[in-house]
Every structure is written in structure tokens, then in C-alpha cells.
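Listed after this line are the structures, all set down as C-alpha cells.
Here chain A shows up in two complexes: once beside chain B, once beside chain C.
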Partner chain A sequence: MRIFGLSFKVIKTLLTTQYAYMLEYRIEIALWALSGVLPFIMFSLWSQNDVGNSFGLNDIGLARYFLSAFLVRQFSVVWVVFSFEEDSISGRLSPYLLQPLHPLFRYVASHLAEQATRLPFAIAIAITFFILNPSSFWLPSLPQFFLAYLSTHFAFTIAFLLQSLVAALCFWTEKSSALERLIFVPYLFLSGLLVPLSAFPSNVLKVAMITPFPYLINFPAKILSGMPVDIFDGFLAQIMWISILVPSVNILWKLGVKRYTAMGA
Partner chain B sequence: MIVVDQLSKYYRVANKQPGFKGTLKHFFDRKTYDIPAVTDISFKISPGEVVGFLGANGAGKTTLLKMMCGLIHPSTGLVDVSGYSPQRRQTAFLKEITLVMGQKQQLIWDLPPMDSLYVNAAVYGLSDHEAKVRINELAEMLELGEELTRPVRKLSLGQRMKSEILAALLHKPSVLFLDEPTLGLDVNAQARVRSFLSEYNKRTGATILLTSHYMADITALCPRVICIHKGKLFYDGDLDSLANSLSPSREVKVELKNPCASEQFEKYGVIQDLNDRFVCLLVSRDKLTDVVSNLLTDFDIIDLEISDPPIDQLIGELFIKGEVN
Partner chain C sequence: MHRYFKTIRLFWSTAFASQLEYQLNFLIELLAMLGTLLGSVFILSLFFTGGRELGDWTWESALVIQGVYTFLDGLTNALLRPNLTEIVNYVREGTLDYVLLKPIDSQFWLSVKKFSFAGLPEIILGLSIVFWAAIQSGTSFSLYSLSAFIISLIIGFVILYSVWFLIAASSIWFVKTWNATEVLRALLAAGRYPISAYPVILRFIFTLVLPVAFLTTFPAEAILGELKFNILFFGLILSSLFFTFSRFFWKFALKHYTSASS
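Here is the complex of A and B:
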């Protein structure tokens, strides 16, 4: 059986090795998980006044949305541009380029392994949230959970491809993490991490919806929290962005590798 | 067979003048230009050969190696390694080669080498049984045991380098590109890596291309050397011929029973060193037999040793001459 051209054995070995590696850093990962509490800060901010009502959400709806946003963020966070830049500048990329495995698969494996390591911490944080806000407790139905799970993985794929596109610019600029800021700012505002997109004026919302950002947090979080959402349109948009980004990353990577000078190696 | 034909590589660089003014100028009006790292180099290497690349720092030998293994693209010229164009990095080609860089590592720092070895085994499509047999075989040759199950960060530099070599050779590559494989190792570890590479070449018939700053690596492993100076091919041939052509003389070291004046030795050769009872003479090869015979007759000698001048000294002189010319 092959997935994306990789044998099951390669996938299994990469994932188990990366998971073992991540377990070496479990304390750091717990801290990273804790550092992702921005949605809770936003929740406490919006729930202190009536602004939340203008989003069309009561306190319970708001709590569920931001907890869902937190969980989606935990399993779609991406840092490939930083790892890639470091590997590229230090020369660690060189041996990876000379192996019959696309280097990006190693980064995918390390992200997935990190998600698995984050899982218990994310569950613990969710339980704590329910203890502090018992009225907001809910359990999504099985189909709801499955769709949220799928859309979160698609969100991760889009975020990973977007950052890989920026990472490939390392072949030109050497400091492409600076360019990542260009993605991070619109991501912060348009993904739904700070506020549900329903709070945006309709013309801003129209512009936001033609970018990939609402499909990174807002869409999966809405499914998970049980808010009304157009599931078909959402998945269609996610698949469309993946279809655009995969060849784009591929082309930019091929062009970039020709410029690689194996600095520091 | 490796064929390198009129290969050149230029790097685009930007110079920055020191100081605040230089910084502003560098920011707003950056001037870039191309510097040649390798210029118009051609040679052929037969399967199973062990070839050493010699050159001062920045001579272009590592750039040449990187082009041959496909890591960087040449600016002009052709490289053919076992029928493949390296820069295309086809899977079949990548399975044939390996690159070991003395100052870089591919092993995962916080895990034991064994974990990285099993990743490599999977990536290169080895079965579990094949991987186990291969790891055991190479570990035995490299004298590695329980080090393979200890985190890489806890290993000594020598153990780490040997583990790196094991990881790089797991898939039985037929062409080895080694860039300073003994860098930073102590004398004993260097000797072990050298003897392993020699043994590996004998057992598998693999082609080995090696750069090293340690002449001992080159003299122990490479019958053929390619000297690069300022990106150009300076010499391509066997090491002995290079030594002979560079130094038609041999060193004669004599330990005398009693001290003698330097004038007494001038007729025998060029005095390299004279210290109390020890004399070192440089004698041309054609007069060597006569000189040694006369020395033994004319002086009361405790010990006499004949040797070639150190090859690194000769190579150093070669590059200085090249610089002057």
C-alpha cells in the first residue's frame, strides 16, 4: 500500500521515530500547548460585555466556539518554515536532499508526531475549561466529530502547504521566516482565531472568504462547536486550496532546489 | 564511471563595506557579482577507484564534490555519475550514492543512532532482515556496539562520526562522496575510519571520492589525487608521481656519536637541520646510495634514517608556488 508515493513502512517508521523524538520534548510541547490559549483570552474578553451577542452567539455558543478554535489550532499549528530555514542555513538539508524521500515528508511526519504528543495536553486543557465553564459542556455527535476531524486535517494541510510555499523561498532569500509574518497577520485576523467571522462586516467577510484563512480555524471550529455552517462549500473551498497549493509548492520547490548552494555544508 | 567535463560553478555574492555607511549602502544599493568557485574542470574516474581531492581552503574541492553528488547544479559543463545526471536526483541515482560530511550530521540528535538507521533502511527500501544484517556487518567493521542504542548527543565525536558513516552506507552505495570524514577526530579515531574505508573499498569495490585536510587520509587511502587551486585543476595523477616530481630528493636523518660542524656535511647535500648530534640532509635521489655509503665511512654514526619529505609539506609548497605563479 502506498500513500502519496510512500510505502506504509516508510510512513510508519517516520511517524514512530518522530513521535519518539517529540516525547523527548514533552515538557516543551506542554508549554507550547499552553501558549495556544489565545482563543480563551479572546473568549474572556468578548464574554465580559455584550459584544458577543452582536456575533449572533450567546455566552455558551461563544465558549464552545473558542474552545473548538483552540482545539483546531492545536492540531493545525505549523512551523515548517522555521525548521526548514534552520536546516537550510545550517546545511542539515543537504543529506535530506540526497535521499530518495522528499524532505517535506520529514517535516509532515514531525508535525503529525507533535500533534499526537499534544493530544493529552489538549484534552486536559479542554477538561479544565469545562470544569471552569460547566454550562458550556457538550459532546459533538459522531458525524459532527468526524467532519470536524477531517476539516481540521485539511486545515493543517492548507497551513502546511502555505508555509512550505514560503519556506521554498529560502532558496532565494535565506530568511524566509520574515516573509511568514506576511501570512501570520492575515491568518490571525481572518482565520477566526480572534473573533468568529460572523462578527465581520459583510463586505470584509466577502473578501475574507476568497482567502484560505477562514478554512484554517473558523470552518472546522464551527463544525465542532455545532454552529450552523455550509459544510459542502467549506470542504469544497478546502479541497480547492489544497489543489492550488500542491502544484504551486511543487513548482517553487523544483525551481528553488536548482538555486540551492548547500550553505554551511 | 564518473565523467566530469568542462565543469564550472559560479556563486553570486554581495560585498558589504564596514560601518554604518556601508550597512546603508548594502541595504539600499546592494551590488552582487559572480565569483568562480570551480572553472573548466575535466577528469574521469573509473569504478572502484579511490581518489583524493586536495586543495587549500576555498580552492573549490567541496563545490566540485557537491556538484558530482547532485547537491548543487553546475553553472556550465557536464557531470555523469554511473550514467546519471546527478542534479536530476533520480531515485535510482540516489540509491547508488552517499555523501558524508565531517562537520554535518544526519542522525537525530536526541535519539539513538539505531532509530535513524531504521528510518534510512525504510527510506532506501531495505527489509527488516536486510537492515539488521547490514547494520551488524557495518557495526562490526566500524567497531560499534551499544553506542548505537545510546542517544547521539551522549556519543563522543568519533563514535558519532562512525555512526554517521554507518547511516550513510546502510544502503550499499557504490559511489561514496566523503567531505572531510575525519575532521576533528583524534589520531586513533582517524586511523579507524581510514582502515574502515580501505576495507569497505576492498570488500565492495565502491568508488570513493574524498576531500581531507589530513594528508594522512590521502596517503593512506588514495593512490590517485586531484589537486585544485583557485577553482582550477592543478594536478591529476598518482600520489607517488606527484611526490617524486615535487621533490626529487629524499631526507636523510643521521644521529652521530659526537657533534660535528655544519661545514663537514655541506658536500653531501642540503642541510635541513643540524642540532648537536642530529643532522637532517636533503639528498638527491640519484646520489643517495653514494652519499649514504660515504656518510657511514666518514662519520661515527649511531642511527640513520631515509625518508620522503612529508607530503603535506610538499603539497603546501606546491600551492604556494601556484600562488606565486
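Here is the complex of A and C:
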């Protein structure tokens, strides 16, 4: 059986080696998990100033939304451009390109392995959140959880493809990680990490919805926290973005590899 | 002392020359900065819908805080981030040895070696917002408010520098924990909003444990002429404590430095 053209054995080897590698950096990953506290800071602001009512959320709803946003972010964080830039500049990419395996799969595997390493820290932070805000405790129903899980994976896929697009520019410029900022800034404000998108004025919301960003945090977080959400539309948009981005990354990558100059080799 | 000024001049002129190679980078940083500012002001505006105030701060005075934050963020991008995130590389590659051998204070060398000119527009824009928003909120500047503003900005920067340096210096032990700076950045983002807008526990933490209040809220109060003298005095003591501790910690860390790959 093959998945994305990879045999089961290759997938297993990739994931287990990357997981072993990630386990070595547990403290580092715990710190990464902690660095996602921004939704909690925003939650304390929105609830302290009673703004939630104006976008139809009480304190409990706000708490659940921001905890969900935190969790979705934990499992959709992407850093491929930084690893790729380092590998490209130091010349480590050359052997990867010779292997009969698309180098991006290696990064996919290390992201998935890192997510698995993050899981216990994310759970610990969620438990701490419930201890501090006991009234907000909830467990999503099984279908809810499943849909949120699926949409978080789709969110990760979109984020990964977006960043791979930037990473492929490494073939042209050595500082493509600087370009990543141009994706990160709209992501920060339009994804729903700082505020649920329902708080946006309608004209800003319209603009936001034509970008991929709301489907990276807002949509999965709404499912997980049990807010009303159009599930069909959301998944349709996620799948649409993936089907636009996959061929784009593929084309840019092929063009880029032709220009590869094996820096540092 | 003269030697230190001369060193800084040499460092920053070479930094300028090497950055001219990456002009596109400068443009990207500029775009990212404008986008960030636009987004933050937009999020801030959501707090004020329906004539509300944010922790007793009016819209214009809250913009002063955004200005101070932008200014300090510019300084971070220009000076703190390029220099202090490098320390871990010196430790990992063993090149810290060469720094320690130089006949100049090592903390000084590590803190000012680089200067990223892409941070300059942010610094200038931040200050412009501060003064524009202060005038909009109907403040008349006095000698006290201006000097209190400058002093409190220095206090804020010294605290910010010390916290950054402490984390960077800890990489002597934990080579791989430089991403603690990411945790710091996430927490410092709390400084975009007035401290009085937070719940009591966070207000306490952001004043005494991680003094975010001294970074943005108090300088903003100073320029608005509302800062009490005793807070300024307390800030002076606190910032000198932070700075002394960072120096002490660096000396202590160096005793544990064992060098790598030699």
C-alpha cells in the first residue's frame, strides 16, 4: 500500500527516526508550546473588559474559543522555511535531493513528530487553564472532536504548503525566511488567534474570508469549542486551498531545483 | 570610554555596509512592520466599539501605548534580537572563546556587535505615533512630562535588555533553549495594551515579575503627564537592579563556560 507515493515502510522509518530526534529536544519543544500563550493573554483582555458580548460570546464561550485556538495553533505550527533555509545554506540539502524521496516529506515527518512530542505539554497547559477557569470546562462530543481533529490537520496542511511556497524561494534568494514575515503578519491578525473573527466588522470579515488564514485557526477552533459554524463551507474552503497550493508548490519547487547551486558544498 | 564609542562606530558602520547587500530585506521588514501596526491598531479598535474604554484609557491614549510598543519593538529588532540570539551560536560553535580573549568587556561586545538598520523606521514611526496620539488626546507637554518620558523609556529599555540578556546568557548551560526568547516575545506582546486592562493577577505579574508595565504603560503615562514621581523613582531602582543582575549573571555564567569543540 502506498500513501502519496510512499511505501508504508518509508513512512514508518521517517516518522520513528524524526520522533526519536524530537524527543531529544523535549525542553525546547516545551518552550515552543509555552510561546503560544498569546491567545490566553488576549482572552484575559477580552473577558476583563466585557467585550465578548458585543460579538455574541459570554465569558465561558470566550474561554473555550481561546483554549481551542491555542490547541489548534499547537498542532498546526509550521517552521519548514527555517529548517529548509538552514539546510539549503549549509549544503545539507544536496544529499536530500539525491535520495529517491521528495525532501519536503522529510520536513512533513519532522513536523508530525514534533506535534506528537508537543502533545503532553499542550495537555498540561490545557489542564492548567481549566484549573484557573473551572467554569469553562467542557469535553467536545466525539464527532465534534473528530471534525476538529480533521480540520486542524487540514489547517496544518495549508500552513505547511504556504510556507513551502516561501521555502522554495530559497532556491533564488538566501534569505527567504524574511519573506515568511509577510505571511505571518496577515496570519496573526486574520486567523482568529487574537480575536474570534465574528468580532470583525463585516467589510473586514469579507476581505479576511477570501484569504486562507481564517481556515487555519478560526474554523477548527470554532468546531472544537462548539460554536455554531458552517462545517460544509469550511471544509470545502480548506480543500479548495489545498488543491490550489499543492500544484503551485510542485511547480515552484521544480523550477527552483533547476537553479540549485549547492551552496556550502 | 572613548574606546567603547569608537568600537560601536566601527561595528555599526560595518553592519551598515553588510546590510546594503540585502536591500530587499529592508523593504520586506518595512512592509511587515506596517502590516503589524495596521493589524494591532485594528485589534485595538475592536475594544473601543460602542464607546467603551479600555481599562480607563481612551482611544487616543491607548494609541500612545501602541507607539511606545512600536518604538521598543524597533529597538529590539535593531539591537537586541540580532545580537543576543547570536550568543547561543558562539557557545555552540566554541567561537565565544575569541570574544572572551578580546581586550574589551565581553558583555558589551556581545550586546552591540550588530545593528539591524531595518529596525530604524519602526523606531522613528513609534516615536511619531507617541507624539501624534498624545497631541490628539489633548496633552500639553511640560518639561516634567518630557523628561519623565525620556527617563521612563530608558528604564523600559534597560529592563527589556536585561531580561533578553539573562535568557541569552543562560544558553551557556542550555545550548538549545534560545527559543525561550520566543516565550519572552509572546509575553512582552502583552505590552501592547494598558496594564490596567488586565485582570488583577496579571497586573501584578506584569508589574513586578516581568515588568511589562514599565516598558509601555508607564512611559505612555509619562508623556500624558500622568505618571507619579514615585513610580519613576521605583522604576529607576528596578531597572538598575535588573541591569546589575544581568552583569552579575553573565560573570557567573562565564565561570561555568567550558568551551566547545576544543
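In the analysis below, the second predicted complex is superposed on the first by the 265 of 265 C-alpha atoms of A that agree within 3 Å, B and C clash if a C-alpha of one lies under 4 Å from a C-alpha of the other, contacts with A are read in each partner's own complex, and residues count from 1 in each chain.
What we mean here is this: a contact is a pair of C-beta atoms (placed from the backbone, for glycine too) under 8 Å apart; a residue touches a chain by one contact, two chains touch by 3 or more.
No experiment lies behind these values; they were computed from the predicted model shown.
Participant: Please work out whether A:122 is in contact with chain B alone, chain C alone, both, or neither, and reply first, second, both or neither.
Facilitator: neither
Participant: If you stack the two complexes on chain A, which partner ends up touching A:150: first (chain B), second (chain C), both, or neither?
Facilitator: After superposition on chain A, A:150 lies in contact with neither partner.
Participant: Under the stated touch criterion, which partner chain does A:15 make contact with: chain B (first), chain C (second), both, or neither?
Facilitator: In the superposed model, A:15 contacts neither chain B nor chain C.
Participant: Please work out whether A:242 is in contact with chain B alone, chain C alone, both, or neither, and reply first, second, both or neither.
Facilitator: neither
Participant: Which partner does A:41 contact after superposing on A: first (chain B), second (chain C), both, neither?
Facilitator: The answer is second: A:41 touches chain C but not chain B.
Participant: Would you check which partner chain A:95 touches, where first means chain B only, second means chain C only, and both and neither mean what they say?
Facilitator: So A:95 only meets chain B here.
Participant: Taking the two structures together, which residues of chain A meet both chain B and chain C?
Facilitator: Overlap of chain B and chain C footprints on chain A: residues 25.
Participant: Please give the residue numbers of chain B that touch chain A in the complex, ascending.
Facilitator: Residues 11, 66, 69-73, 87, 89, 91, 94-95, 97-99, 101, 104-106, 108, 110-111, 115-116, 118-125, 168.
Participant: Once bound in the complex, which stretches of chain A touch chain C?
Facilitator: 25, 27-28, 31-32, 34-38, 41, 44-45, 47-51, 54, 173, 175, 178-179, 181-182, 184-186, 188-189, 194-195, 199-200, 204
Participant: So in the complex, the part of chain A that touches chain B is made up of which residues?
Facilitator: Residues in contact with chain B: 7, 9-10, 12-14, 17, 20-21, 24-25, 90-92, 94-101, 258-262, 264-265.
Participant: For the complex, which residues does chain C have touching chain A?
Facilitator: Residue list for chain C touching chain A: 22, 24-25, 28-29, 31-32, 35-36, 39-40, 42-43, 46-47, 49-50, 52, 54-55, 174, 176-177, 179-180, 182-183, 185-187, 189-190, 193, 197-199, 202.
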